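The same chain A turns up in both complexes below, where it pairs with chain B and then with chain C.
Up next, the complex of A and B:
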């Protein structure tokens, strides 16, 4: 058996080991990759940046722990950006675990020194409305009456008793909607109901798998911008001048992608080099 | 190295290794972790849906509706249909469970028919507007934008790509000659789209692996700074 035939019959576990090393090893080094800022990420950043202090932002956490490595850094960066600009945050989730993801992100961001010194208060500066079943029907309900959709917040406090929610009746009282999505219900439903029916201004952060499906919504202006996967999160961290987890993880992304590309090239060379022999046999 | 004393993180770390062990080959450790994951997920979803849908939506609303009947009389109760009408959802849900009894299982089709019918109607307009009309509208672009070379190129790519992509899916005419050439160009656009999607998928999977590695080496073993 020739060299190329051996390459084609390589045990897949060897490739697994290479990938594992390519992912794990970079975690031990503090290497910052050069990351270009794409217009779609800048779209979200510029929209948040342009909001005047006190504007109300609705953030929907539509994902669960399975998508944390991609979406949690996005959540943290956007929360940090919003709090640093003194925006008022209304948090909710169309996925049962979404509000819990929000609380994890809040716990980290609210304890960062510059945010902590703002002495932000629950119910005044931010509120977590929790999860409610119904998917896109909930979005439609938010368009008419948020108080009817969420009678109480995550902790059971009646929404009418929360100062931040006074005067927030529907999307017309929300200046920007940001959706973190890992599937259904997610960005597609927010576009269809919040944007096209109630004319809300929407930005999104998506897992990389579904990000390509959202690009048509950017071209039409249905989305102001999109953070796609870990790269999108890293770009946002750089724009906000607060490189954090996503930027650190991007080195591992780069190395692992290089290994995948290497194996694709080697596999193709071996395939074409042995093609003639295979035909003859 | 700074091992965590948190028992929950230890369980998470050991279960992660158990799932990874499948990469070497199927084994009892993996089977245990898989069964545990499926069991916990099923239990979690059952409890979540019971409290957020069955109790929060149906029981509470029907309770309010019945209360109106009892305290304010029949006509006030009837007027409060927004609450008691949830009982119909409950009945449809109950009919779904009849699938468990083969002899009367056919009744569950009524619920399915209702779900399929309402969903189709509900989505017809939203998809037509958001994913159809708005997208078509955005492809009606000028072929030449004076003084803006990149926009001109971008517009041409969108127009040609959309047209050729649609041509490929037109099967009423044989893909031969000029028509066949346009269809082949359409395939190229489709392949580039699939390639971009695949690239994003690779990034997504790597991200998940990075997350797990960070958990093992950082959160669990305390080896990362």
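Up next, the complex of A and C:
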């Protein structure tokens, strides 16, 4: 068996080792990559930036820990941006684990020095409504009456007793909706019901796999913008002038992509080098 | 009557939900909201059904000592711990419920998702071959999309523009076609169900 034939039949575990090194090794180095800002990410940033202080933003955490590496940095950067602009946040989840992801992000952001000095209060500046089953039906119910969809918050406090929720009846009292999504129910359902039916202004953050499916909604104006994968999160951090986790992890992602491309090229060279032999045999 | 009643209920509910979208009268809104609340409650009961189904399947495996029954014991243990742990100790940070969530559930999920990176790399090595013209186009497109995450010096900007064009033009055109196809399919299926042509939801054709 020749060199190229061996290369074509390379054990997948060899590829696994290369990928493991490519992902793990860059985490030990502080390398800041050049990241171009795309219009779709700028769309979300500009929308949040244009909101006046005190505006109400609904953030739906529709993902679980499996998608954390991509979506958690997005959540943190958007929360940081909103809090720094003194926006009021109504948090919820259409996935059972979503509100817990929100709490994690909140804990990190609320302990950052510049946010901490604002002395933000639960129930006044932000609230976590928790999770409720029903998927897109919950979105429709939010359009008519948020208090009916979520009678109590994540901690069991009736939302009628929460100061922030007074006067927040449906989407007409929400200035911007931001959805972090890793699948169903997610951005597609928010577009179909919150935007199309109730005319909410929607931005989204999606996993890199899902993001290309959302581009039609950007072009039609149903989505003001989209953060796609870790790169989208990194772009947002740069726009907000607060480079954090996503920017740091981009080096690892870049190296691992380079390794995949390297293997694809090598595989094709080996394929063409052995093609003549295969035809003959 | 066992056949007609469900068909009548489905017809009335389906027709009502379709009509109320275009005629937002107060009476219609009341029934619409009432219907939504019903669906949310049904969703909650569906979760109970899911828990029961999970319990039964796993318990059967343990009782019959099926291959891998030990995993079923772990699944049942996890299920009961989380079911009881939440009401018993609460769901605030630091409680056993949250510790299991952060230190067991989260790493397990992250591990499962991380494995994708390895399998995608291996699959890309074996599948991305320029065998035909279409395969070559697919290969080049994938390369452009992946290369946007790698600094390429002076050609980074051009590659980024090309990647954005791919996403915003050919990819979006294909996506739109799929979306419109799915939409028309949903409308057709809904009409078949509302009109009683499609009856698989009753458990038979």
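In this text, the second predicted complex is superposed on the first by the 281 of 281 C-alpha atoms of A that agree within 3 Å, B and C clash if a C-alpha of one lies under 4 Å from a C-alpha of the other, contacts with A are read in each partner's own complex, and residues count from 1 in each chain.
Here, contacts are C-beta pairs under 8 Å (C-beta built on N, C-alpha and C of every residue); 3 or more make two chains touch, one makes a residue touch a chain.
Small disclaimer: the values here were computed from a predicted structure and weren't measured.
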Partners on chain A (chain B, chain C) - clash or fit: clash
Partner with the higher number of touched chain A residues, chain C or chain B: C
Partner chain(s) touched by A:249 [first = chain B, second = chain C, both, neither]: first
Partner chain in contact with A:10 - chain B first, chain C second, else both or neither: second
Which superposed partner A:38 touches (first chain B, second chain C, both, neither): second
Chain B versus chain C as contact partner of A:193, first or second or both or neither: first
Touched partner set for A:64, first chain B, second chain C, both or neither: second
Touching partner for A:149 - first (chain B), second (chain C), both, neither: second
Touching partner for A:29 - first (chain B), second (chain C), both, neither: neither
On chain A, positions contacted by chain B and by chain C: 16, 19-20, 23, 66-69, 132-133, 197, 212, 216, 219, 231, 253, 256-257, 260
Chain A residues within the chain B interface of the complex: 13, 16, 19-20, 23-24, 27-28, 30, 66-70, 96, 131-133, 136, 188, 191-193, 195-197, 207-209, 211-212, 216-217, 219-220, 222, 228-231, 249, 252-253, 256-257, 260
Residues of chain B defined as touching chain A within the complex: 23-24, 48-49, 52-53, 56-57, 126-127, 129-131, 134-135, 137-138, 158, 193, 196-197, 200-204, 206-214, 217-218, 223-225
Chain A residues within the chain C interface of the complex: 10, 12, 15-16, 18-20, 23, 33-34, 36, 38-39, 64-69, 97, 100, 103-104, 107, 132-135, 137-138, 140-141, 144-145, 148-149, 154-155, 197, 212-213, 215-216, 219, 231, 250, 253-254, 256-261, 263-264, 266-268, 271-272
Residues on chain C engaged by chain A in the complex (per definition of touch): 21, 29, 32-33, 36-37, 39-40, 43-44, 46-47, 91-93, 98, 101-102, 105-107, 109-110, 112-114, 117-118, 120-122, 124-126, 128-131, 139, 142-143, 146-151, 156-157, 160, 164, 167-168, 171-172, 175-176, 179
